[in-house]
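One structure coming up, written as C-alpha cells, with questions to follow.
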C-alpha cells in the first residue's frame, strides 16, 4: 500500500488548484474541516467553487478572504449566528468580489453528489418541484416521468463531480484507510463523487484498527489521495465521540465579521498570523481542552471472526 | 414504542399475501432467510414475485414448491451447485408451473430498489447498455442523456417497491431496532423500498445494545413490521461474525433436486415434515453447531459519548 | 400576562400539531423543543427525523446548538446520511415537517433566499437548506414565523419552499401533494381555508387581538368563523416543556 | 505434461492480465485465485472488488465457497453494499473485470441467460448476476471459459454481457467504452485484433495445437502472426499459487 500521510500544508499545495470545485466538509454542522479552510486562505488559493449542502462559517470565511467566487450549495451562513456577513457583502455589494451562487436544496445537492458518486448520467427527483430554485439555477431540467401515464413532472439533476473533497474523520491509518461514525450528511456521496479526497484525521492508528471493522469505513484508502494528522481539525464544529461544538466561537465570528474591517481583524488573529493548525490549537489552549469529549459511551461489541 | 417480536409463523401469516412482490434476502450469498422460505412453503402461499439480485437456492425451492411464479432478479440458481433445477424445470417445461422472469443485472436491480427506496421516479444508468436484458425485459427504457451534447444513450430503470422484505440480521431488540454488519448487498435498498420489513434476528438484545451504536443500524425499528427470533435462520447461508456457510448442504440440495421426485423428497424431509425452524435446527444438531463462529475478532472500540 | 412566554406558547401550539405515532421532520430551535413536548405528552410514539442523518425517538439529553451536536448522536435510533433520511420525504413517509422563514405569503409560500427577488436582491438570505424539500414533500407543513407586516406578505419575492403557490389547484399541478397546515406566529395561528387555500386567521394568542394581527399582516387577512383564542398551555404541557428546557431558555 | 494443471496455467495466465496498482472486479473460483497470485507476485498494490459489497487488498485467509463467506469479511478494506461497489464500474474506476460464461462468440459477447434464445430456450441459465455490468463498464474485460465448439460460437443466442457486439464501432455506438481484452480458455488465449475487434488466437497452451484449437472453435478462428505457446508458470508464480491454494484444489 502507498503511504499517504502528509502535512496539511503539502496536501493543499499538491492537490488543490485555483478554480477547483471543492467540498470542504459535507456532514452539515459537524466535521467542517476548518483547519483546511484556514490553510487554503493562507495559501491564497483563488476562484474556488465551494460545494456543500450547509457550509457553516467555512464558506463565509473563504468568501471574505477572497478565495471563493462561486458557491454550489443549499445554505450559506453561520448556523449559530444566522446570516453570513461575508456572503451577504459579496453577493449584495461585490465586496471583496462578485459571487456566483448555484442554488440547491439539501436533497437536490445530495442527488447531484450521489449521481456523481455512482456515475449516473443524472438523477431524477421531485422534492424541488414548485420551488424557484428551478428558476434561479438553470442547471436543473424539468421533464415528464416517462413511466407515468398521467402527466407527472420530475426534476432532472445533473451530477456533481468535485475536484477535491476535504473531510475530517475520527481515525485513519497512514494508507488512507479510516473510520467515520455518527451522522454522515453527504460525506459518503462527496467522497465517492470527488476526483481526490483529503482526510483530516483526528487520530492516526495502526492499519489493524481499521481492518478490524470494515463496516465503519467510509471509502477504502486506495481512493484517498492524502491523510493529514490534524487533531480537532474541525474546531469549532463538533465531531461525534471526540469534540463538542464551540458554539461561542461561531457567535464571536458572527459578531466580528459584521463589518469588513472586523472580519479582516478576525482573519488576521485566527488565520493569517498563525503558521498552522498546531499554533491555532495552542492559541485555543484550555478552551479547546474543555471541548474534548472525555466520557465513555462505547458501541456494543461486534465480532467479525470467520470461524 | 411498539412491541414487534412475534413468531415467524405469525409474521408470515400476517404480513405476506399470495401475489405479493417479496424480497427474501438481498445480501447476495450471505443472510438468505431460509427459515422464512420454508415457512412460506409450509403455509403454501402462492403466486409470489420473488425479487432478489442473487437468490441462491431459496428461489429455486419456492419455485419447486409452487409458491413462486415470477422472478425479478439478476441470477437464479444455486451458488455452490451452479444451475437451479427447479428454476430450469419451471422455465423450460412449466413443471410444476409456468415461470415468468423479469431479467436484470445486479446493478440494474440495485438501481431499481434504490429508486424505490428513495422515492425517485426512476433511475438512469448505463451499465446494461449493449445487453439483451434490454430486449428480454421491456420494463427498461432506452433514452438519450439530456445533459449530453453528443448522443449518449442511457437506460431508465423503473423503481421497484416490494410489498415485503424478509431480512436476517445479527441482533435486534423487541421493537424492531437492529444491527447489521459485514457486506450488505442490496439489504439496505430492499429494506427502504419495501412497504413492510420482517426481520429474522439471530439474537434478541436489550434496546440499549442497539442505541449504543446508531451507525450500525440498517433502518430504524419504526420502519420494521415484525421481528422474529430465529437463530441461524439463514442456514445454510453464512452470517458475518455468527455462522459459517454450510456449503455441503447446498451441494446436497443440488444433487437431490436434479429430479422432480428427488426435490419432493428433499422438501418433505427438510421442510414439510418439520413444524418450524426449531425442529430444523434440532434435526441439524451437531452439524449446525460446527458452523457456529466461536472465535473472536472484535471491532475496534468506538465512542459515542457526548461530553 | 400568564405564566408562560410567547415562545413557550408557540412551542406548545407547535407540539399540538404533532399526532401520536407520526413521523416528524424536526428543525432546530422551537420545533425540536415542540417535538419533545409532544413526545412527553400526547405523542409518545412520534419519531423525529433530522436532515444531517439522524433519527431519534426521545429528545436528546443535553443542550443542542445544532442538530448534529454530540448529544443528538448519543442514543439515536439511526445515524446515517442526508440522502437516506431526506428520501423518506420523497418516499411519502413523513407526516409533518417544520420550517421557519423570513417571508411568507398568503398561500403559504416561503422565501429564505432572496429578499427583493433574484436579480438584485436587497438581502441575500442563506437559502433553502432542506426547507424546500420539507415543504414540498411533507404531508403537512408547519411554519413558524415572527408576525410582522414585512414578513407576512401578499406575494413572496422568491419561492424557496412551496406552499399552495398561486392557490387553488396550482400546487397539485406542479406535481405536489400536501401543503401548509398551519402557520404559528408570535401573535396567532393561521390556517389554509377554502378552495383557494389562502391562509386565514384561525386563533389569536392571549394578549393579542384580531385588528392588531390583521394590521401586522401584509394581505387582507380573512378570519375563520370559529376563530378563538389560542388555548394557553396546560399544566401538563408546561411541565413537559420545563423538563426539556431545564435552563429556561424559552422562558426569557 | 509439466508439473502444473491446466487450471493452474489458466490462473497464472489470468494473474498476468492484472497490472500493479489496478482495481480489479474479482469473480469467484479461478479469478479470485488469479487475483491472489497477482498480488503476491507482480501486482502488490492491486485492489480487489466483490459485488456483494466487499473491497479487499490481500486475499482472504481461509476457504471461500462464495465471495460473501466470513473469511472474505474478516480484515476487508471495506464492507458496504452492492450499489456502492458496483457503481465504481459505472464511474469508470475499474481497470479489469473477470467473468465466466456458457457461450461466447467471435466478438466476445457472452451468454449466461438463454441457450437457444429468449422465446423457447433449450437451457435457462442463471442469468447475468453482475456480469453484464462488469462486461459493459470495466476498462478491460477478461473472460475465462472452457474451450468447446458448442461454447465458442459464431454468434451467441443472447447477449447477456456485451463484448464488441457486431464488431467494429458497434460497441462504441451502443454507448460503451472498454471491451474484452483476453479470453482465457483451457486450450488457448484469444485476443481481439483488427478494426473488427474479432477474437484471434494469441497463444496456445502447452500440449495443445492450433488445428485442435481451431477445430474446437465455432467460427473460422484466425491466428495472430506472433502466435506463441502460452508461457508456462514460473517457479515464483507457482509458489504464490500454492501459498493460496494450500489444499491443492486447482492441482487436481
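Here the chain labels run A, B, C and D in written order, and each chain numbers its own residues starting at 1.
In the analysis below, contacts are C-beta pairs under 8 Å (C-beta built on N, C-alpha and C of every residue); 3 or more make two chains touch, one makes a residue touch a chain.
Note that the coordinates shown come from a computational prediction; the quantities given were computed from them, not determined experimentally.
Among the remaining chains, those touching subunit B as well as subunit C are A.
Chain pairs A-D and A-C differ in how many C-beta pairs are in contact, and the one with more is A-C.
Averaged C-alpha coordinates give centres for subunit A and subunit D that are 40 Å from one another. Remark: subunit A and subunit C have CA centroids separated by 28 Å (rounded to whole angstrom).
Centroid to centroid, with C-alpha atoms defining each point, subunit A and subunit B lie 36 Å apart. With each centre defined as the average position of its C-alpha atoms, the distance from subunit C to subunit D rounds to 57 Å. Subunit C has residues 54, 69-70, 73-74, 76, 79-80, 83, 87, 89-90 in contact with two or more other chains. In subunit A, 119-120, 125-126, 152, 154, 181-182, 214-215, 240-241, 244, 293, 297, 304-307 are the positions where the chain touches two or more neighbouring chains simultaneously. Inter-chain contacts, as defined above, occur between A-B, A-C, A-D, B-C, B-D.
Within the complex formed with subunit D, the residues of subunit A that make contact are 1-2, 117-120, 177, 192, 211, 214-215, 217, 219-223, 304-307. Within the complex, the subunit A residues that touch subunit B are 119-126, 141, 143, 145-148, 152, 154, 156, 158, 179, 181-182, 205, 209-210, 212-216, 240-242, 244, 293-307. The touching residues of subunit D, when paired with subunit A in their complex, are 23, 45, 47, 54-55, 57, 61-62, 69-71, 73-80, 83-84, 87, 89-93.
Put simply, subunit B touches subunit D in their complex at residues 27-30, 53-54, 73-77, 79-80, 82-84, 87-88, 91-92, 101, 103-108, 110-111, 114, 125-133, 135-136, 152-154, 181-189, 238, 240-241, 244-245, 247, 293, 297. Here subunit D touches subunit B in the complex through residues 50-54, 65-70, 73-74, 76, 79-83, 86-87, 89-90, 113-114, 118, 121-133, 135-137, 158-162, 165, 171, 174-176, going by the rule given at the top.
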